[in-house]
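Labels run A, B, C and D following the written order; every chain starts at residue 1.
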Amino acid sequence: MSDDKYFKNITPRERAIFEGAITMGALFHQFIGTPVSIKTASKLENVIEESMELQPYIKSVEVKINKKMLDEARNEYEYLSLTGDMLSVKVVSEYGDVKIVVRMRYVDELHYPLMYVESVDEG
Amino acid sequence: MSDDKYFKNITPRERAIFEGAITMGALFHQFIGTPVSIKTASKLENVIEESMELQPYIKSVEVKINKKMLDEARNEYEYLSLTGDMLSVKVVSEYGDVKIVVRMRYVDELHYPLMYVESVDEG
Amino acid sequence: MSDDKYFKNITPRERAIFEGAITMGALFHQFIGTPVSIKTASKLENVIEESMELQPYIKSVEVKINKKMLDEARNEYEYLSLTGDMLSVKVVSEYGDVKIVVRMRYVDELHYPLMYVESVDEG
Amino acid sequence: MSDDKYFKNITPRERAIFEGAITMGALFHQFIGTPVSIKTASKLENVIEESMELQPYIKSVEVKINKKMLDEARNEYEYLSLTGDMLSVKVVSEYGDVKIVVRMRYVDELHYPLMYVESVDEG
């Protein structure tokens, strides 16, 4: 196990935050750019979820792609490249008794897809 | 339609080659790095196929991820980041009466994931 | 050499189109999502150019990131994730005596970052 | 400012860990796959550093690409696609008085590019 050797200097709560944050950053930069349409969005959401759940201490991932933006795609090819403002994501990480929910969603007033810790449950 | 304006200087056969090649380059650089395990590989193959089939003049895409390499993943987390040497891909593009098959596969003797035109069918 | 074995079924002109198109698709899907600001844009353009010039038969790559869009970034962090509508790219591929210029630019009337063959020079 | 609204439930130390981890996950999944050779490696390292330093609360980023692996690239095109086992990265995040160093390096005994908190400095 790598934990004893590499993670002695942080608490379980910090470890859960650490792992959830890695996965959120990874998810965004892996899948941004993927061609997506109203027809492929659900399956893409599901595969992003399953792929990112493979990462260490990730309990679940929930991805929502904004269908309204896909519906409004006005180009002749009827698909878009996935962008941050289409995405709403929830990553649940768990380490020991601590469960963290990391969220990403586009915040209009910030003009930015904000990543933040939505909740901390210390069991 | 964009064709009359932007694609006058190439033939239908060249256009099919052009579109197939774009999609192959795009596929590789979009999905390399995705976390993948023996459990998620089939669904990931399927979503890569559907996503890339959205691109203009792409008739079908077939993706095979090397399951043997996934099985042999020796790290404690039991998944890998998708790399070029795990991938075998076939992209079929069609423009007018011309059908092109673009292939990518890791060629051992070249030490390289080679992309090439496997076949041209002029209908 | 891989050429005799894998590329017998296409002409030098088609080969140049093929390689230019691969590189354009690759460039888009590799670098979309990269954090970029008015301060980092020039160096990022340069590294995208040099990285993609490594690909087979690519003679030169020219990348322009829309500085006006970066200037207008209104979020508090003063950077954006690179998107297709910020990019204008020229890829020059050369095979034998044939030189091809592949272009990508966001075409307003198409609402799409169009990739097309801008010119063919048969030497 | 988004901090009061979205980050009330974590400490400054946790926030620094959170931001460093996001950037490490993002860096890996953004740049894996980039074509790189012994000639382009230094500039690519530098651009990855500058791009990721744009992210919130990131003070510095240091990227080392394994030149030995590039030297040994045996394919005829003399470049490789960047993979996790070529990368050694240090991300320094700072929030309030707390400074965190997040590391990623390929750990041979784990067969895995491990991300971990290398040090915590509470000022």
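Annotations
Quick note on the criterion: a residue touches a chain if its C-beta (ideal position, glycine included) is under 8 Å from a C-beta of that chain, and two chains touch if they have at least 3 such contacts.
Model, not experiment: these values are computed from the prediction.
Contact with both chain A and chain D is made by B, C.
Chain centres here are means of the Cα atoms, and by that rule the chain farthest away from chain A is C.
Although chain C and chain D share one sequence, what matters here is the overlap of their interface residues, and that overlap exceeds half of the numbers used.
Chain C has its Cα centroid 18 Å from the Cα centroid of chain B.
With each centre defined as the average position of its C-alpha atoms, the distance from chain C to chain D rounds to 25 Å. Centre-to-centre separation of chain B and chain D, using mean CA positions: 29 Å. In chain A, 2, 26, 28-30, 33, 76-77, 110, 112 are the positions where the chain touches two or more neighbouring chains simultaneously.
Of all residues in chain A, only 28-29, 32-33, 73-77, 81, 83-84, 110-113 touch chain C in the complex they form. Touching chain B in their complex are the following residues of chain A: 1-2, 26, 30, 33-37, 40, 43-44, 46-47, 50-52, 54-56, 76-79.
Across the complex, chain A meets chain D through its residues 2, 6-7, 9-10, 13-14, 17-30, 107, 110, 112, 114-117, 119-120.
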